[in-house]
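To start, the structure itself, in structure tokens.
Labels for the chains are A, B and C, by order of writing; each one numbers its residues from 1.
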Amino acid sequence: MKTEKDGRPVWTKKDLLGLEYLSREEIALILYTAESFKEVTTRQIKKVPALRGKTVINLFYEPSTRTRTSFELAAKRLSADVINVAIEASSVRKGETLIDTGRNIEALKIDIIVVRHNTSGAPNILSRAVKSSVVNAGDGWHEHPTQALLDMFTLKSKLGRIEGLNVSIIGDIAHSRVARSNIWGLTKMGANVTVCAPKMLIPDKIEDMGVKVTTDIDEALEKADAINVLRMQFERDGALAFPSKLEYFKQYGVTAERLKKCKKDIVVMHPGPINRGVEMSSEVADGANSVILEQVTNGIAVRMAALYLVSNARGKEI
Amino acid sequence: MKTEKDGRPVWTKKDLLGLEYLSREEIALILYTAESFKEVTTRQIKKVPALRGKTVINLFYEPSTRTRTSFELAAKRLSADVINVAIEASSVRKGETLIDTGRNIEALKIDIIVVRHNTSGAPNILSRAVKSSVVNAGDGWHEHPTQALLDMFTLKSKLGRIEGLNVSIIGDIAHSRVARSNIWGLTKMGANVTVCAPKMLIPDKIEDMGVKVTTDIDEALEKADAINVLRMQFERDGALAFPSKLEYFKQYGVTAERLKKCKKDIVVMHPGPINRGVEMSSEVADGANSVILEQVTNGIAVRMAALYLVSNARGKEI
Amino acid sequence: MKTEKDGRPVWTKKDLLGLEYLSREEIALILYTAESFKEVTTRQIKKVPALRGKTVINLFYEPSTRTRTSFELAAKRLSADVINVAIEASSVRKGETLIDTGRNIEALKIDIIVVRHNTSGAPNILSRAVKSSVVNAGDGWHEHPTQALLDMFTLKSKLGRIEGLNVSIIGDIAHSRVARSNIWGLTKMGANVTVCAPKMLIPDKIEDMGVKVTTDIDEALEKADAINVLRMQFERDGALAFPSKLEYFKQYGVTAERLKKCKKDIVVMHPGPINRGVEMSSEVADGANSVILEQVTNGIAVRMAALYLVSNARGKEI
């Protein structure tokens, strides 16, 4: 990684496509940069001129109020101008290709494209087609890097470090970009990651990513410093991902009962929105160990950092 | 009501949920504050920095271009950042609860939630769940406080006072949040309110709100200083609210003919959009007594006042 | 045309409804003004305070991500506040009339209405109803003046002039507002315009607009300094505008083969989005003669000029 003369690391990538592509130092730089932006969101006037005169487009091929809103706020608090474009899946078929769309956006002199797409790898394709920066806001089952970064930021805020922590990711690992980005990020930062799910929801060869695998929730909870509980989607392409919500909750739901056997200050995370009574009980979601709303707050700071860094990447020209 | 040392009243409520919950002094303070903002909208540069660095979310569970646009303009003219979120009724069922949505918005450090919801009381629920300010932009058949405030502001601009005026509200009283908010506001400000509608569109015990009731339009018009004509919706849950548009116009439509028998300078209001030839004739809608477009203009000033006051409520912390 | 004391022309129209209504001098003034705004979009901080405190509404009765985004960016780079309103065709029928909508927008003290409408002449109707400026962003098959202006701006940038150029417009002339605006603009600026299409797609009496007509693509290409290739829509009101895409490409598609017989530096334009392999081959779309992405870039500058000029029209009051 490039550094300043005084040794400070320098961000050089024009894009943020996934944590798979970042070094430990780059992840640390994003988290470090987010610290200073977090302070901004506590001010009376929650705004800095860092990206004044820059333009950010939220290009969403999947509907997402939460992530879009978080990016929009992050960009506006950096004083950027924001354009929202929601493209329905149905209109893509008749429309122009992703590359043509990207080149048009580049021609509009838009600085940063925040893209969510149902196809894994779409942000990578876009990135190669344009000089504008591309920030992945979730692609297929591939990555959701800013979600994992805000999870790690929250973890570090609560426990002081990431290295050496035991983190269990619980839920539908097979279909989760949040899980994949967390695994890449956490293992790079030196955490011990366990994934826990019913067998049908654990992808083949997931161990190759450097994680432990278990189907036993009690084992996943036992030594955990933190858990990241994923949202369950029961209907997927018309088929059932798991027989019943009640059965899932019984077998895998995080309850106060189960938390009692955990470390006392275990950190409970969830990317939201929560299915109360499915992935976890309301008691846990709203309990003392839950940092779910802090994650939402930290999302703004992390996204401000991501937008700021890619926009100021050394050596980049737009 | 709290006052400054010099006797000026101080706004202390974090929310604007309905005129039912406001004192006469609080209503007067909003109208007074709106006066100064009205001047801003006549300038070449229609913008003041009052809410710079603050964030307003328009959280609309019912589609509404007019009210959303008015609030968006009001917020932007105060230099706030605005996020628009439209939530389709269909997606609510699968989605998170209103309280979870509210807590997420609060976690995003959004200062003011402008909410429209098809369920009466939804803004009240939201208000109790979050520290952010909540402004009701219309909830079910309950209240639409900023509409009633702009109606009163317009009335005061045209006739110099509200106290002692005879105001008739004509139309579907039973299903109108505009009617309810106007009744609360006008009676508190000392106006004499008459409601007029076909019997099936007058709710039970409406007299308990301090209004006179009549089914006879000529009686409603006779002594009126002002009328507020409501929009008729003929289809409601598949059933007809009234047999026919033509018949409604014949019995209750405000026509030039009927106006002739009224006070010469009677003020004609309508919250819009008008069904021309149903609630009133085009001649009346566009005539010398109509203040319908002034209401639209005043809506911005009143909403600027509402956003400004709740955001600066004394003793509030976000 | 009015001029300053020093002879510089002065813009006096409150609207930009179509190139049919502009003089040669007025078109030249827009293109000249766009030159200086083009420079702004190359800066690090792509923003000027020219329209600070002004409000622009994008009132779109037809969906259009590209044109809306371009206008939104243009307005924001002039520091105006922008409100987006998309109105579905289905909701127009129950809703208020265009004139009532316009009067409401005017009452909101919105300075400029950018309107796209499926009905030819809708912007003209709106313009007469309101004091706000109206900019036509495409109406029915009538005009799309900013598209033609950006085409001419691009032409002038590449070839140094418009007067005397041979420009061929190729494609569905009959249903194209882009074609009509280009014909008005180019002929006023002194270009020689040829239109080329299958017979069924050439409107009656198009010669009266001062253009040559041919059904032979090779004739249209032969002496052309520039071509403007229109997007083909094959389904229109359920009927086919042309038997087959393949057949159209064979007869009218612009290919590298066909370009070889043209002037070496022929300028190839397309309003986008391109149907690759229908109107032109990918080789041509992405080739050395294509200025398609420059058109997109220039669209911002031209729209900034249009918004700026109508907003500052001499003698206009809002």
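Everything below uses one rule, namely that a residue touches a chain if its C-beta (ideal position, glycine included) is under 8 Å from a C-beta of that chain, and two chains touch if they have at least 3 such contacts.
All values derive from a computational prediction rather than experimental measurement.
When the CA atoms of chain B are superposed on chain C, the rotation angle comes to 120 degrees (nearest 5).
Because chain A and chain B carry the same sequence, their contact can be compared by residue number, and under half of the numbers here are used by both. Taking the mean of the C-alpha atoms as each chain's centre, chain A and chain B sit 41 Å apart. Touching of two or more other chains is recorded for no residue of chain A.
On the side of chain A, the complex with chain C involves touching residues 52-55, 57, 81, 83, 85, 87, 95-96, 100, 103-104, 106-110. By the touch criterion stated above, chain C contacts chain A in their complex at residues 41-47, 65-66, 69-70, 72-73, 76-77, 272-274, 293-294, 296-297, 299-300.
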